[in-house]
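Chain IDs A, B, C and D follow the sequence of writing; residue 1 opens each chain.
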Amino acid sequence: MLYSGLMTISVAVSGASGYAGGEVLRLLAGHPNVTIGAITAHSNAGSRLGELQPHLHGLASRILEETTVENLSGHDVVFLALPHGASAEIAAQLPEGTVVIDAGADHRLQDAGAWEKFYGSAHAGTWPYGLPELPGQREALKGATRIAVPGCYPTSALLALTPGFANNLLLADDVVIVSASGTSGAGKAAKVNLIGSEVMGSMSPYGVGGGHRHTPEIEQGLSNAAGEPVTVSFTPTLAPMSRGILTTATAKVRPQAGRSVTEAELRQAWADAYDDEPFVHLLPEGQWPTTKSVQGSNHAVMQLAFDSHTGRVIVTCAIDNLTKGTAGGAVQSMNIALGLDETAGLNLQGVAP
Amino acid sequence: MLYSGLMTISVAVSGASGYAGGEVLRLLAGHPNVTIGAITAHSNAGSRLGELQPHLHGLASRILEETTVENLSGHDVVFLALPHGASAEIAAQLPEGTVVIDAGADHRLQDAGAWEKFYGSAHAGTWPYGLPELPGQREALKGATRIAVPGCYPTSALLALTPGFANNLLLADDVVIVSASGTSGAGKAAKVNLIGSEVMGSMSPYGVGGGHRHTPEIEQGLSNAAGEPVTVSFTPTLAPMSRGILTTATAKVRPQAGRSVTEAELRQAWADAYDDEPFVHLLPEGQWPTTKSVQGSNHAVMQLAFDSHTGRVIVTCAIDNLTKGTAGGAVQSMNIALGLDETAGLNLQGVAP
Amino acid sequence: MLYSGLMTISVAVSGASGYAGGEVLRLLAGHPNVTIGAITAHSNAGSRLGELQPHLHGLASRILEETTVENLSGHDVVFLALPHGASAEIAAQLPEGTVVIDAGADHRLQDAGAWEKFYGSAHAGTWPYGLPELPGQREALKGATRIAVPGCYPTSALLALTPGFANNLLLADDVVIVSASGTSGAGKAAKVNLIGSEVMGSMSPYGVGGGHRHTPEIEQGLSNAAGEPVTVSFTPTLAPMSRGILTTATAKVRPQAGRSVTEAELRQAWADAYDDEPFVHLLPEGQWPTTKSVQGSNHAVMQLAFDSHTGRVIVTCAIDNLTKGTAGGAVQSMNIALGLDETAGLNLQGVAP
Amino acid sequence: MLYSGLMTISVAVSGASGYAGGEVLRLLAGHPNVTIGAITAHSNAGSRLGELQPHLHGLASRILEETTVENLSGHDVVFLALPHGASAEIAAQLPEGTVVIDAGADHRLQDAGAWEKFYGSAHAGTWPYGLPELPGQREALKGATRIAVPGCYPTSALLALTPGFANNLLLADDVVIVSASGTSGAGKAAKVNLIGSEVMGSMSPYGVGGGHRHTPEIEQGLSNAAGEPVTVSFTPTLAPMSRGILTTATAKVRPQAGRSVTEAELRQAWADAYDDEPFVHLLPEGQWPTTKSVQGSNHAVMQLAFDSHTGRVIVTCAIDNLTKGTAGGAVQSMNIALGLDETAGLNLQGVAP
């Protein structure tokens, strides 16, 4: 199906009581080509959306329906913001012609073995990956009817390091990534370790030692760019803020024809990759990324430094985990898939201070 | 001048390196009828906007001009986000036909004596007041070419109590208002008492005892609604958050024909005042306002309770001090003045969590 | 029993996995006259304390016992940090000679009717009230073997206004109190509305309209001071910080012999009340209380202003809800009851920034 | 001079209006062997301490003296919390027998070249390093009269990795350290980028690429432990909290006699290093360090994981930057130097939540 910029697309959103679903709705509510159809949830079905997502003033009176295939059917696009496993099950029952965009993990990994190791269940197959700034990926999304939205950490990590691996500038066996995420990344879950009294004023790591499920996804993306297997040491941490990811990614620079690469050459590779991108930006020299500058927006900002003392490039990259890291990436991918203006509904500045 | 919904209006924004100016730009960047012309500042003239307001990705490459009458001239609308005194001086030199919208205090007060007492300088005259939800105020803004944007605290306080005073339901001599504001209300100022290490994890009052400059503005608005002088005890406090105001406003309820008013009657008065408003909402019973639910949006949400034990109504009202409390109110007023759709550029949901 | 400064007292602490119990332990761990005996909990019995209260490094290896009369018996002092109802039940079974200090609500209210109205159960009787800075209260605590620790909001409210009522300076029917509390006041409970993503960057009211259970406790304390019934409009709000209460309390000043009271006279009354107190301080003029300045300490700091325009005194008072508002007040009361140095174990400065 | 546990030591503290000086005073105010003599500052000389450090209730009425050699003389111990350069100048003029403890950088580095490269001035010489948990360092501090307190980042980084290097378990050329610090690490400075509106809700890096002045200090400490030069890639970030450092440190594990090391062997090395330490703790398996659990205390907590996939050990370590990272380390070093109980004045639990 071809859509013109003036057409209206009907969209259903599942998982609407959670943070990812709420952010999808926030963006779609301002999308010029979208009519929001069914809004669904599981345990909160029957509630007013205004109770559960009081910031969505324009949709406050909408009633949440049950997340079922029936309720989601009959829309041009269906967003799934469900626990892994649940989305694969629903997606399998939706018509082929429906554009299904899964904010969950079910269809991100290419390697069934990695899936089974990290998720402990049968692999549901691989869908086009909703990170259009990766090499070749924008083309792969055009006309797609099934899209796997990247994880939030992988979005920041892959944007940070792909230009280096795609240009053969980095060594594959020495990548270290440390990310700090806002607490919304841990979901809207009633857990004592997530209550404000515990997280305000505190930073803590989790999933240290390679166990976080985003690790194979990061390695997959970097390996695809490098054309060889890349191994990654990834450590996520939780920061006392609601939104945002700051990723520090570093790799050893590959000597080129016997001489060391310069910082200028590295900057050029990143600039070439992103200068025409609407949402991904290498900042001017001397300016550091901050998560606040991208809050609520679909932008990713990064800065690069070459440390000649250690032979490492260090790229720091800030995104909003719920926007570019989830719902914004999902809407951007929808726009590409349907042939809409890629930035439709996403022309939002960050909300700062 | 008459504007149709399809026309494009050229706008200049002064004070663009501060928080109010930055928020005006954030909203205008998404306004369908606006072209942003001159962006001006004082000490930061010559800088890239992207350095000073890194969240305004769409305007990052714009260069700040000097705030002068020359640079601001030649636009349909000029927003002034300047220290008080400075805006009156500039405004006096702008053509009569230019719509001038002052986010500062210079033209808010009707009473020259109150101005002189609280601001210590000569009164510059009174402009139409940019809070269209007050009785009669929307009409007063149509076609206006000079508009005084209300202070952030008065916006929340007047929205909270006006329905009661306008309907003769409240006593005029017993109003107590306590507000908690995010730190952006104190401006983008390099002061030790505002640094994060001091404000995170801390609440503190200031300007206690009637001395805050927003006190006479609140009294003016409530007195206008009541048709008699209203005195207000107002205490502002600083809360550990960037944005948002939560106002707790309470007044004694006036006995009606010898019997006490019921909570239902009070709710009805507030509902009548706001049910048709696009941006101001009395929440359903049982739901409390939160500043996060309005973050980055032009909405005001409030809840009302009647305490029969003390004979008081208590209204709690949440706004974003920079949006509905400053820049959003300014844009909304511009829309009304020019005959545009009142919500143009303001169809934004809150950014939460 | 008489204790000398060199004696050692054995203490048991129940409810040790919660915030109040944890704070009692934090203070007792540094108390020179205390040996910590049984540490008990309910659902967490059997766990290492270091898992549940990882900041209590000195007690990390202690194992939580079940909260039973048997486990709590055999100590000189028992602290109860239990839900209301539970503490009355346990306390009734502890020996009369044991000093029992209840951080819960069961024995705070004198009026059985108020208890039943606000708590919906049978009144368990009234114990000496652990706020020694109230008139006559220090004497009442000496030798006491049952002590009811005040609620956190009442602690701040009573300290703020008692000097005025005790000196007949304030009118009894026009008291308005608005308090902002850190989230630890809501307990260590797994609730979605308390998770960091929801509370960071947000302020919200709750229990508006006179329904909060601390309202009758505040009225009781002020009425005792005034010698006549005082009615109070009390609104609590939740602030984005872990600890601390900032209370804004205001009342109309009573004309004295036909003339208005001066601010100096008011200051003198508060100064007279607190100048000899080790933990309660009227700040020098021009300095505002901040919750951070009392974080982790047993101090209360306040400032006073007289607003002649409205005839009101406004007192703002900052405490740490868990220290002076709960555990610090409890330890201070224990010290007085046992004849120890009142400040033993409490010689702690605030932790700032 | 020999001190017994009952002796009283007179101490002067310079730089008392800043965060480091304030924290030294907070700890000394509770130190059983200390009398606080001169409290000095530069631009704030003449002020009441209570104005500048309102949390130091016990010292509120003290007046700040000018920071001069004269005012600091005549004490047993002098703490210097001054900008680098200033402390070396003062220290050179204090009597040899006075114990001088410098919280600044002047005397930390052994290598004059590294000093000159990173600080741009002449090297002032090297003093015993106040991190007694490093191999041999406790002995080196006994009787010392000049002590250089480590930087806050180096404290966390060296505690995290030293057991590995001291036991020849790690490779020297592949160390990556990423740290998140609370804003107090940036000092009590009136800078726009540090105000609460900017830092709340935001994370950002700075000094990326090897330029941070703590880099050579970390390399020095690890090289001393390894007995060979260690190179370190160090990236500091600023987190939205007042206090605390969370350091993620990772290095490749050195194969031992042709086989891979096990996680158990690694844990054993760290346990051997710290099991007898009063302030440094390897947490039980499954428990992650949080900065809140050490807030206001002299403790360091860490966890270790071995990632066999990448051959890396990852150690995450949390400290309070102002306590163990500055003032607590300073007081601990003083205690050792003077032969006092090493934990005197430091028996404080963390302040949480």
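Definition applied: a residue touches a chain if its C-beta (ideal position, glycine included) is under 8 Å from a C-beta of that chain, and two chains touch if they have at least 3 such contacts.
The UniProt protein names, listed by chain, are A, B, C, D = N-acetyl-gamma-glutamyl-phosphate reductase.
Model, not experiment: these values are computed from the prediction.
Among the other chains, A has the CA centre that is most remote from the centre of chain C. Comparing the chain pairs A-B and A-C, the larger number of C-beta pairs in contact belongs to A-B.
The geometric centre of chain A is 35 Å away from that of chain B, both derived from CA atoms. If you average the Cα atoms of chain A and of chain C, the two centres end up 46 Å apart. The multi-chain contact residues of chain C, meaning those touching 2 or more other chains, are 19, 182, 184, 188, 197-198, 200-201, 240-243, 290, 292-293, 295, 353.
Taken as a graph of touching chains, this assembly is fully connected, with contact between every pair of chains.
Residues 174, 176, 178, 180, 182, 197-198, 200-206, 208-211, 231-233, 235, 237, 239-244, 246, 248, 250, 288-293, 295, 303, 305-310, 312, 314, 316, 318, 353 of chain B are the ones that touch chain C when the two sit in their complex.
Across the complex, chain D meets chain C through its residues 19, 22, 25-26, 29-30, 48, 50-51, 53-60, 184, 188, 200-201, 242-243, 281, 283-284, 287, 290, 292-297, 299, 301, 347-353. Per the touch definition, chain C reaches chain A in the complex via residues 19, 182-184, 186, 188-192, 194-201, 240-242.
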